[in-house]
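Below are structures written as structure tokens.
Each of the two complexes below includes chain A, the first together with chain B, the second together with chain C.
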Partner chain A sequence: MSELLTRRHGLEFLLAELGGSRMADPGASVTIRGDLGHINLRGRASDAGFLPPVEKLLGQALPIEPNTVSGERHQVFWLGPDEWLIVTPAAGALELAERLRQATSGTHASVNDISGGQIALMLQGAECRELLAKGCALDLHPSVFAAGDCAQSGLARANVLLALMDATPTFMIVVRRSFSDYLCRWLAHAGSDVGIAFRDA
Partner chain B sequence: MQPQRLPTGGRIDRSKPLIFRFDGRKFEGYAGDTLASALLANGVSIVGRSFKLRRPRGIVGGGAEEPNAIMQIGKGAHAQPNLRATQVELYDGLVARATKGWPGARFDLGAINDAFGKVFSAGFYYKTFMRPKSWWHLYERVIRASAGFGRAPVEKDPDHYEHRNAHCDVLVAGGGPAGLAAALAAGQAGARVMLADEQNEFGGSLLGAKRNVGDAPAEEWLRRTIESLAALDNVTLLPRSTVFGYYDHNFLAIAERCTDHLPEADRAGVRQRLWRVRAKQVVLAQGAFERPLAFCNNDRPGVMLASAVSQYIRRYAVRPGRRAVVFTNNDSAYETALDLAEAGSSVVIVDSRAGGAGPLGERAAQAGISVIAGHVVTDVVGRRRVRGVQVAGWSGNPAYLVESSIRIDCDLVAMSGGWSPAVHLHSHAGGRNVWDAERHCFVPGETTQANVSAGSCNGTLSLRGCLREGNESGRAAASRCGFEAPDIELPSTSEGHENPLQPLWRVPADAEPERCPKQFLDYQNDTSVADIRLAVREGYRNVEHVKRYTALGFGTDQGKLGNINGMAVLAECLGKSIPEVGTTTFRPAYTPVTFGVGAGENVGDLYDPVRKTAIHEWHVAAGAPMENVGQWHRPWYFPRDNEDLHTAVARECQAARQSLGIMDASTLGKIDARGPDVVDFLERIYTHNVGTMKVGRCAYGIMLGEDGMVMDDGVMARVGEQRFYLTTTTGGAANVLAWLESWLQTEWPELEVFLTSLTDQFSTIAVVGPNSRRVLEKLGCSIDLDKDSFPFMTVRDAELGGYPVQLFRVSFSGELAFEINIDSSYALQMWKTVMAAGEEFGITPYGTETMHVLRAEKGFVIVGQDTDGSVTPVDLGMNWLLSKDKDFLGKRSLARPDCVRDDRKQLVGLLSPDNGTVLPEGTQLVETPDAPVPVPMCGHVTSSYMSACLGHPIALALVAGGRARKAETIYAALPGREPMPVTVTAPVFYDPKGERQHV
Partner chain C sequence: MLLIECPWCGERAETEFSYGGEAGITRPADPGALSDAEWADYLFNRSNTRGAHRELWNHAQGCRRWFGVERDTVTYRISGSFRLSGASDNREA
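For the complex of A and B:
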């Protein structure tokens, strides 16, 4: 039944408000990826009842290296020694969460679909490092923060998960739903000097 | 037009004249001028008035050390107070006002103060305005009006400021010869380098210098060096950028002025930018300040630092005087004499040293400059402008002069008392300063962070030394970051040896300092030699105390100009050495920074994040005013047809009690807790018995701090054998999760429990009132909702109106109620669906105010409103929640003697006999209406509302021993009114048996 329902990412109103700021060649662009689902996964990497069945089900290894992201089909972000975020197409997220739950039912693990609780924003463009530097204290120089790196940090006054998905560069910013309106307004303001455009995926 | 402008030379553009105003008068300068150089070019002698004595003052320095030319720049909202004219780049249309002197600096009514100069000594304010005490508010108004340097604009700041985080291997602070050499060495090695300089151009002392560096003129070397730096991708050049603070972990703050140098009409984009820099290595190359000399009337307009005189001649082609006396105790001022001679001024050098200067002395003689060695300037003639000086012979004994004085006519005194390295940033970073007995100055000592000082801020004054130290420190800094710099040959400089400086901290006069004209140490604060001596006579010994008593080094000065002379005079009075006396503490900011750059983009709508629920836009469209709850914006009430708050809340309350209300409760904190040890864990956290809860049951739970005080509360539900769903207060959500995680991770790591925040994942829609069951049934619910299948305080998974939801049968109103927990992606549709289905029942959305009234009628507390961190569950009457079968956090504290006192403040209800007055929240409660002042308080009102359902006001209060005082009368102290009698009652006003929520 739920597939028939329309998901709302919550930024629809803001997009309409910022719609007038579209420009031909912005220094940075933000794509709101409401089409992505999010699953919070917790378990111990050393647990034979956890890691092998999860990796088998996902068809890929979980990143064990701190602050890295891996995967093609599902993008998996290391959040802590026993915590990962799986970003996957929204349509299959509930089902994937259920299968993960079953696969880990025999051990101490936790699977929560949090697709409605956070949103992924893709930030691209020549000026996006300068834009992020206005609000993020991390060193995002390519020699320090490379493709495949992620970090939980602050952007402006919101907590975010920040990842460099490719060297184009494409950054993924994952922010809690309740902070997403604030964060997009901050991006629009901070990006006004380089030009910034917003669009829905 | 510009009488003191030289016909040629300087780094100004004579083809670009600029018009500006100072104190209402119109002047012309050139592009490349500072406000100070343009004022000097126009022959303006008086640029301000001194702080206390209102003596006329002129420009003394050439940079951050300038004490007198403190200006208000610009008008209206763009105005900036507190700027040194020496650091303000001239632009067309600039408007400046002196910040001291009324109606202006030239003619100042406050100058009368100078006639009473003896009265305005150190500690004047402390001694004069303390009595009678009741007059202080009168004094204060007058003192405040005459204090400070300029006025902050009252208009909203229209400009855009921003913050920028930056990381680098090597940050170089200061772009003079040492800084440039350091940046070049580190940059060429491949390190990520940032070079910041407070001026508009890099080059420092080499700007306008008439000397060679290597085989080329200095300016050519500068041009090539800056070009090389600009060509390096790994080097960021920041002109107009002041490194104003050096904090822990090699974190430095830089204020960049992006558009302040442009005419107001041409300014666009960011006005000022705060760079927050994390540097692996720091090279400090801020240079040194020339020291003034303390002789009588050394503050007369026309007395300047020698290096500043050279700077105005060379860099700005301005001749500050036609007949100059150069007064020095060291060789460097001889360069100034040569500059003056070349500019066509007549020059006499008065050198305190009997032996005079080294090779520079010979050059001066060749240039026809007469040198009076072994003499000092003792006094200045002239009031609004130097007209001459008194010169006397001196043998080096600080106590007396050896020869009667002669007068030399002049219009300029260029003084040099030696150099003080700018150790400010080194000191901010926690480094010590050590006295260099050979060079007679404090130099950077041990550092506590990864930084090194190079060049004249390290006490190395020669150009050769600056270039060498800069290069070496740049290479070393890069090397420590893993970058090896290529070997380069340093350019040669032609510098002869210099004769040593002769310490001269105060010039002897014909009489004791108290009996002769003032010898100023700190111009900006009117601190003289006599003031330091007075402070010592009055018992001050510590340098920090003397500073505060005499104001030495206050204001924008911050120890730049007068500090060392002041310390030395203090040392002399105390019979100690200068290092024994030490310096005062240098603190950020190095020069003043604007509030705008501090705030950056965190202003207006972006001041603090506004958290919005998934249903927020509906509330806005419905016209609900918003209330801040933590960072959340929650609808306060939903007015219909211009209703006011009270009318709307009354209507909303009645609807919820009589038919159907709906509320967005999404902001509650929500935590998924699961694992084999989750029961054990939660038993330790909550006060009630968790293990006995059956799956599907909900419980009201409270958690205590280790002090036994109520920390947070909320409904928690057992949704599986090893899985719980916890809710927290809106404001406490983040803290509670962090609190739980800290216990799990640091104290009880053996417990297998995972916590996940679901606050944003689930939206919560409370459907409240006697018709709530009917509306859910109407929507189509996959489970039976009757009271036996789905009793009070239970939770079920269900499908409601086609949406998967988690349904809670809980109530924060005392009515039959359901809370729908739904994926936030669908929450807005769900809300609209319930609204549509509820239409036939008159469904009424309500906000936080009605929620508060409904819960207060039931005596439900709000943690943080009815509690304040000093309230135990026993105080709240929640003994029934405290399990006797287990231990939990805070339990032991509840047995402390203070926690079992009978007269602790306890939660009660209050009713007023007049049935009309809603007591203000916070109202203090007293035992008797006519007790003598000070009246002892016996409690205070925590919650207070008009109850529409009951028809009278209700209040919750914390009252000492309150539970034993039911039906007693106490009094509410109301400002401006007679104390009002109120009756103590139980804290539950409505449906005390709780029947309505169980139906």
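For the complex of A and C:
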């Protein structure tokens, strides 16, 4: 039955409205990544029943250093000293969450698939630091906020997780779905001077 | 705008935080044994310090952890932040 259901990110109407990727040479572009799953993971990093089995299952280390990303098979973001966000292709997210749950069943931990609650936007282009600076108090200069860094903060008063995925630069903005319509409209407005294009993943 | 140092995330803008009042107020071990006056004192009365004040802040828009800040209530100068006892560090949560 599930094959009959089409995955939607809920911003299709906005893409139609904001004109997709027709702009010739935009200073920034936003790619709506509705094809990603989000898993919230909590547990004690010092717990031998938590960290080793989780890292073995993921096949990569959890970022222990605050506000950093571990980007290998999955993108794992530090959210707090005992909290991480795992971003992975949506198709495997449910299964990964179930396997994480089994791997941590003997200890004090929690695994939640929160894919329905938030969405990732990839912001690229030469002008995207200036664009973000219009609504974010973080210092995003490359000497301060480098590739592999992430931070939870406010962007145009919306709570976001902001991460620099590569030095191109490519920023990932993770925002609550209920704020994604507002945030995309804010980005469209804030980026109108440099040109901003929206596209689907 | 205050720049507040979160013990985990470093210096961030004041807008990311929410204030939690005076630090170091311990809930009485046996509230039932207190008189109404003592209970009211625990609930409502604060030192209202002039000068160096230890207070609680929550990094609400960031890592969502509670921590302590020492701030001068006259000049608003923040002299430092501290983790609360028993709080999680990066290896221990």
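Quick note on the criterion: the second predicted complex is superposed on the first by the 195 of 201 C-alpha atoms of A that agree within 3 Å, B and C clash if a C-alpha of one lies under 4 Å from a C-alpha of the other, contacts with A are read in each partner's own complex, and residues count from 1 in each chain.
As a convention for this text, a contact is a pair of C-beta atoms (placed from the backbone, for glycine too) under 8 Å apart; a residue touches a chain by one contact, two chains touch by 3 or more.
From a predicted model like this one, the values you see are computed outputs, not experimental measurements.
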Where does A:95 make contact in the superposed view: on chain B (first), on chain C (second), on both, or on neither? neither
Mind working out whether A:177 is in touch with chain B, chain C, both or neither, as first, second, both or neither? first
State whether A:65 touches chain B only (first), chain C only (second), both chains, or neither. second
With both complexes superposed on chain A, which partner does A:166 reach: first (chain B), second (chain C), both or neither? neither
Applying the touch criterion given at the start, work out whether A:82 contacts chain B, chain C, both or neither, answering first, second, both or neither. both
Output check: A:200 vs chain B and chain C. Expected answer is one of first, second, both, neither. What do you get? neither
If you count the residues of chain A that each partner touches, which comes out higher, chain B or chain C? B
In the superposed arrangement, which partner chain does A:133 touch: chain B (first), chain C (second), both, or neither? first
By the touch definition at the top of the document, which applies to A:153: first (chain B), second (chain C), both, or neither? second
Can you list the residues of chain A that touch chain B in one structure and chain C in the other? 43, 82, 137-138
Which chain A residues qualify as touching chain B in the complex? 1-2, 4-10, 13, 40, 42-43, 82, 108-110, 112-118, 130, 133-139, 141, 144, 156-158, 176-179, 181-183, 185-186, 189-190, 193
Along chain C, where are the residues that touch chain A in the complex? 8-10, 12-13, 15-16, 61-65, 88-93
List of chain A residues in touch with chain C within their complex: 43-46, 64-67, 79-83, 137-138, 151-154, 159
Contact footprint of chain A on chain B as seen in their complex: 162-167, 192, 269-270, 276, 278, 601-602, 605-606, 608-614, 616-617, 632, 672, 674-676, 752, 754, 756-763, 799, 802-804, 823-829
